Structures are given as structure tokens and as C-alpha cells.
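Given below, in the form of C-alpha cells, are the structures.
Two complexes, one shared chain (subunit A), two partners (subunit B, subunit C).
For the complex of A and B:
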């Protein structure tokens, strides 16, 4: 027990922490000392105050909740559709032949290009954000699921046939578990993408949530709050990613090893 | 020349079968049959084509594409140079990479679109700011991939360099640089879609000239067929940029590592 703790302490990156602290101190001194004379460049202490003000305000948490809702709902929809499509395309070569070129044609479409179309159709609403999130976040899941399923060894398939399992059971009991590592990689890529796209959709599409908070604080000339928003969004990204990794390692310990190396 | 043709041919051989485009074609035909005329929400594909012609007649289209593409290319080029140099320097020193790792990981975790308002406030809305944003977005994947590639170089190879008494510069040029190139290319491939999103975002937010500005203006004026026309064109643009890079990447990797004459 004690040894485990010592190992953690030894592995802890003190130089890394020190670098961040030193950078922040230099930044603070430069601003305080008047070396950087710039009206909109706040010192780290001012950003810290901004962050503590944000955390104390209810409106900020409403923004956070809205962005999280958009990210999670969009990611779930993209995940469900993506896995279904990926399984179909991975299992059947003819489905793949009749779909893959379409997927490859749509995949490089930059997600932000859907903002004006979504605004046209749905106006300022959560639906607009979901369109912008789901369409691009779909592809990593589709491609990785398809690759995972197509890579499942033929023998496993035959085992299922020997046991006379119905097709649906083969998919749920054999194919998906065998392809799980690459499905999880796709889901993780898709989660990161969902957060980026939610921020984009809120900046130029639906004016709510954290993405709009950054724009609003910029237009109101509140640089400290604006920096605090950006830092909070960064932390949110790390937390979401870590939650996904921790959850998958709890639920599917075997498949998570592949996720860590991805 | 012959090698280039061969590269192109092998790329086409790896393309998915073209009958896979059938779903898109069917969707467009169905769309046109259901909604042949103009509509505020779902104008038919033929209307998109008319809108494209109208836009290009007014001369907006070429100028917008030129502006977007040049920001993209210049920004990407700057990011490649800065990212590769910093990445190699950071990766070469174990201490430096350990010290900078948490900071870099955090900066990478910030979704790049969130920097746009910050850059807008600090720099103002101009072409320079557009470039800064593109460079910052493209920098992290390139830098981190290069640093990781340097760290993965087999220590034995570096020992060999030392026993041949290669100078630091020669080791850099003959061992480090060639080992980094494949990872550098991966970093660029990851960066490209991000840079396209960022250029369009800046144009949409600030109406700096470009396709993004054209598109958001069309939406604000409820020119639905122009919006769909621009969506198709941006899709093609993304496809061409991504695939052009895949061709370049395949061509470079095919003859990698280069054979260097022993001098």
C-alpha cells in the first residue's frame, strides 16, 4: 500500500507542474510590471478571480449544463447510428460496396459548414447544435466500427454458426465484443469532436452555452472572464475524456488496453 | 513522372467502388423530384446549381475561395515549420519533454475554436488574426507527433551516430529528420480538417472575406439555395484538400526513407 503511494509520488510529474507555475508567475510579473501594456491581456491572478466568479454564478452553470447536454446527446446519437452503420458495413461486403464511397465523400465535409443549413432549418435551437455535432461525429464511429467488425476472425463467426446462434445473437455476443476496442477508439475520437463542434455551433449558431459565453465575454470586453471560459472549456474536455476512459476500464477492462494506446 | 502516375494509379486502386456513391445520387434525385422549385428550407439540387452560377457570375466565388485557400495554406505551412522545429527540439531532450508535457497536453485539450474570440480581442479581426488562429490550431498535432517520433528513435541508432563521430547537426540531418517525417505527415493529416474548420469559423464570426463569410451572409438573407450550393462546394473543397494531401503523403512515404549517398 505504502509502496504504491510512493510509486505514484515518484511518477508524478513535478517538473511539469513547476513549468506551469513558473510560466504563470512570469506572465503575472510581466503584466504587473507593465512590460506588457495591453488593455485586454489579463494577469493569471485576474483570470483566477474571473474563474472563481464564474464558478459562483448560476448562469455559468446553466451554460455548462447546456453545452454538456448538447455534447452528450449529440455523441450518443452519433454513437448509436455510427455503431449500427459500422456493424452493417463491416459484416456485409455488399453493403460496404454500396455505401463506402458515399461515406468517404461526406467524411471530409467540415462540420461547421452545417451551421448555416441547420440555422435555416431549425433556427436558434438545440436541434441546430445537434445537426452540427452529429453529422461529423458520426464518421469516426462508423469507420472504426466497420474496421473492427471486418477484422473479426472468420473462425469466431463459424463458432457462432456451429452453435446455431441467430444472426442478432452473433452480432451482440460475438462481433461487437470482439470489435469493442476499435469501437471504443471511434467513440473516444467522436466525443472530443462533439465538444469542439458544440463550441463551434454555439459560437456561430445557437447563442447559448459555453461557446457563446466566450463570444459574449469578448464582446462585453471582459478579458479575464473570457480567458476563464476558455480554460474551463479545456478542463471540461480533459474531464470528459478521462470519464470515458475510466468508465470503459470499469465496464470493459480487456478492451481498454487498446484505448489507452490509441 | 512515371512514379507520379504510378502513385496516382495505386491511389485509385485503393478507392472504394464507385457504385458506393449510389445512395447520394438517389437521395439527390429523390430530393429534386419531391421539391423541384425554390423553397426556404429544401430547395431542389437544380436550384443549387443555379445559385452556384449566380454566385460565380457576381464574381464572389473565385475571390472567396482564393482567400480561404490562401489562409489555409499559409497557416498550415507556418504551423508545419514551427511545429516540426519545436517538436524535434522538445522531443530530443527527455528533461524538456517531461517538463513541458502537462502544459502542452493542456493547451492541446482546449478546443481550438475557443481561441478565436481570444485572438479577436487581442489582435483584432484581420487577416493576421486568421493566420494566428489557423497556426495555433494546426500546431499541436504536428508538434506532439514530431516530439513523440523523436522520443521513439532507437537509442542504438544514436549510439551508432556517436561512434561514427557525427556532429550534432549531422545526426539531426541524417537520423532525426528522416525518422520524424512519417509522424510529421500524420500530424499534418490530423491538422488539416481542424484548419479548415477554423478558417471557416473566423470568416463566419467576423465576415472577413472567404467562403465562410459568403455562406453565413447567404443564410442571413435566407438565400437557401445559395446556402446548399456553398455547402456542396465546401464539401468538395474539403474532399480535394484532404485527398490531395493523402496523395502527397503516399508519394513521400513510398520512397521513404531516402537513400543518402555516403559522403
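For the complex of A and C:
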């Protein structure tokens, strides 16, 4: 345990943190010294005060909970559908022939464009957000899973065959574990994307959650809180990503090693 | 390899009359190629007896690997018949496991050594039996200390032994080995050859062993089939009646060994371009 903690401290990026601190100090000096003069451009210290006010309010945590729910549910749906679709497309060239053109046509569509459609169908609801999240967040999982499965060495199929493993077992015990590093890459991309999409959906679609909090504080002319919302969203993104990284390295040590050496 | 020299001989187990493990007659294989099909094997007929080491030797491009895949049920014979224990072969048979040359692709890199070896037993045996058999198989290849290592932590020779243990764990009556030692250095190769003969002596497993190394074919084989040409044909077979147990130094110096090596060399040479 002690060694793990020391390793964590040794890995911590102190120079990176220093850059952020220096930038914040310069920002603070520029605003205080009157070099930057906008009516609604707060100094980092004011944003800090705004953030501490937010953290103390129950309404803010309700917003956080709503956004997290939307992100996680959307990401899970995208993950399950994406892996299933990716496995099928990776395994079968004919499925790939049928579906890849559609995937390539749908993939570049901006998710935000679905907001009006989703609003018409589902109104101001979590479902609207989920539509906006799931459709774009699906593709990184599909594409990476497909690539991972299609790249599994032919020999592994033959190993499954010589031990007469049933097809379902070849998929679950050989194919998916072999493709796991790629699948995890897709899931990570998809998680970051899900947060961005949830915020956008809340800004222009369903008026709840952290995305709407930014808009609300802007309209209430509370720039410090508005910046604090934005910074909190950024921190949330980092925390979610780190949680996923830590969880995968705990659950799948071998696949994480493959990711690092890839 | 002490265990080999001390292992009891069981020549009496080898039934030379009937009771054939494999019986191939008139086997031809044509594989899809850029333009239509290409014939890889032509009119192959041979038998493999229970308990013997049957080596198939020949230059590359003669369809040795394809022949092994046919025996393992991975590739279908286009014409002719392949029988195992009297049954017509329709897919990978239960008494057969293939050991591939490229161990790094054939092992599940995300599984420990023990879990790799357990692959063919899962859902078929209960947990205690799996544990016992995995332990037995690892002891046979002397890897019991490496049960919890990952394949990438092992040397090439050790990884190939993991693959052999994984095959032995399902207690096959025959191992089909496709140039299993070709990627290994000479010393590792020699020790694995002796280990393999030791495993055969301890378990009675028959072995069909494909190689392009003439000395290896003679050293390991009870019988040798020489395959040459394209499409490949079996042109010669030899009964290798060298004394057992074989020894890396003594056996390889025997006049009979050198004669066999010469004869196989001639058999390949005279047909290699024919």
C-alpha cells in the first residue's frame, strides 16, 4: 500500500500543476490591475468564491446528480449497443458490408442536430438528453470494438476450434477479451463525449442539470457562478475519466497493460 | 533430461496390428487461391498407430501444415477419407488437440499460465478436477512454479511448454504439433524434444509432429513420412528403430541415426524439385 502511494506521488505531474497555477495568478493580476476590463469577466478568486457558494447549495448538487444520471445512463446504453454492434460487425464481413456504409453516413452527424427532433418526440425530459447523448456516443464504441474484434489473430479462433469450444464461448472467452483494449479505448472516448453531449442537451434542450445551470447563471448576470459551473464540469470530466481508468486497471489488469504498451 | 531416461518403457502398449489412430487414404486438399483453387496435397495415404511419434518432414510449401490441419479437423479434405479410431472425421475430434508453432498468438495473453491451461476444461470439469488437471499438466512440462505468471513474462520455450500443457490438460489421445520448436534456439529445442518424449512415455499420448528439420524428425520419430513437391505427396516412409530412450548426444552419434538422416535427406533431395 505504502509503495503504491509513493508511486502515485512520484507519478503526479507537479510541473503541469505549476503551469495552471501560474496562469491563474497572471489572470488574477491582469483583472485586478485593470488590464482586462469587461463587465462580466471575473478574476479566479471571484470564481473560487462562486464555486464555494455553489458547493454549499443543495440545488447545485441536484443539478450535478441529474447530469451524472444522464451521462451514465446514456453512456451505458451507447456502450451496450456499441459493443454488440461492434462485435457483430467485427466478426462477420457480410454484416460489415451491410452496416458499415450506414455507420459511416450517420457517424459525422452532429449530435446537437438531434435536439429539436428529440424535443418534438420527448419534450423536456431525460429521454431528450439520452437521444442526444446515445446517438453520437455510440460510434466510438462501435468503431473501436469492430476494429478490435476484426484484428484478433486467426490463430485464436483455431485454438478455440481445436478445444471444440462452442461459438458463444469463443466470443465471450477469446474474442472479446482479446479485443478488450480497443473496446476500452472506445468506451473512454464515449464517456468524455457523453458528458459534453449531456451539457449541450441541457443548454439547448432539457432545462435541468449542470448545462442549464451555466445558462441560468449567465442570464442572472452571475459570471463568477457561471465560470464556476464551467470549471466544475471540467473537473467532473477529469474525475469520470480517472474513475474509468482506475476501474479498468483493477478489473482488467492485462488489458490495461496492453493499452499502455500499445 | 533425467525423467526421460528413468521413465519406464512401454513398447508393449504399441499395437502394431490394426487398431489405428488415424487412417488416411487418398486425401487431397485444394484451397481457394487468387485464381480459383490450388491443389496443396495430392493422394495422401498413411496410418498413425496408437502410442507412436509420427513425424512428417519436408521442405516448406509442401502442405505439411495443411495435412496437420486436416488431421485436426480444421481443414476439410477435398477428396479421400480421414478416419480417427475408425470414425470418419467431420470436425475437430475430441481426442485431438493441435499445438501451434506461434505460441505468442496461440496463448491467451490476458490469462495467467494456469488459466490458459484450464481453457479446454472450463465448463466441462468441476473446479477441483480442473485444478488437479492443470497442476498435473504443468508438472509434466515443469512449469508448476509459473502457474500465476502471464505468458508475456515467460521465455519463448516456456510459452511453448504452456501451450503443450494446455493441450495435455484435456487428456487427448494424440497431440498434433505444427513445427512447435521451429522458433526456439537450439538448446531450448533440444530440451523440449526430450521433454516431449518424456511426456509421451508418462502419458502414452500419441504425437503427430510436423517439422522441416530432418534431424528433429529422426530424433523424435518412431516413423517418418517424407512429404515433397507441390502439391505435396508422401514419397517415403521410414521406420526409425533407434534404441529408446533417445539421448541428445548418444543417439545423434549412432551410425543408424546418421544413416536415417542421410536417407531422409536423399528422399527429400531427390524429389524436392520434382
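Note that the second predicted complex is superposed on the first by the 241 of 262 C-alpha atoms of A that agree within 3 Å, B and C clash if a C-alpha of one lies under 4 Å from a C-alpha of the other, contacts with A are read in each partner's own complex, and residues count from 1 in each chain.
Definition applied: contacts are C-beta pairs under 8 Å (C-beta built on N, C-alpha and C of every residue); 3 or more make two chains touch, one makes a residue touch a chain.
What you are looking at is a predicted structure, and each value in this text was computed from that prediction instead of being measured.
Colleague: Tell me which partner A:233 touches in the superposition: subunit B (first), subunit C (second), both or neither.
Modeller: First partner only.
Colleague: Please indicate which partner A:108 is in contact with in the superposed arrangement: first for subunit B, second for subunit C, both, or neither.
Modeller: In the superposition, A:108 touches subunit B alone.
Colleague: With both complexes overlaid on chain A, does A:26 touch subunit B (first), subunit C (second), both or neither?
Modeller: neither
Colleague: When the two structures are overlaid on chain A, which partner does A:177 contact: first (subunit B), second (subunit C), both, or neither?
Modeller: second
Colleague: So, does A:36 touch the first partner subunit B, the second partner subunit C, both, or neither?
Modeller: Neither partner.
Colleague: Touch check for A:120: first (subunit B), second (subunit C), both, or neither?
Modeller: So A:120 only meets subunit B here.
Colleague: Determine, under the contact definition given at the top, whether A:169 touches first (subunit B), second (subunit C), both, or neither.
Modeller: Touch status of A:169: second partner only.
Colleague: Have a look and say if subunit B or subunit C is in touch with more residues of subunit A.
Modeller: B
Colleague: Within their complex, state which residues of subunit A touch subunit C.
Modeller: Touch list, subunit A to subunit C: 153, 155-156, 158-159, 161-165, 169, 173-174, 177-178, 180, 252, 254-255, 258.
Colleague: With touch defined as at the start, can you tell me which subunit C residues reach subunit A in the complex?
Modeller: Touching subunit A: residues 72-74, 91-92, 94, 96-98, 100, 102, 105-106, 108-111, 119-120, 122-123, 150, 170 of subunit C.
Colleague: Where on subunit B is subunit A touching in the complex?
Modeller: Residue list for subunit B touching subunit A: 15-24, 40-41, 95, 98-103, 106-107, 109-118, 120-122, 193, 196-197, 200-201, 204-205, 212, 215-216, 218-219, 222, 224, 227-228, 230-231, 234-235, 238-239, 241-243.
Colleague: Over in the complex, which subunit A residues touch subunit B? Could you list them?
Modeller: Touch residues, subunit A against subunit B: 13, 15-20, 23, 38, 40-41, 96-106, 108-117, 119-121, 195-196, 199-200, 203-204, 211, 214-215, 217-218, 221, 223, 226-227, 229-231, 233-235, 237-238, 241.
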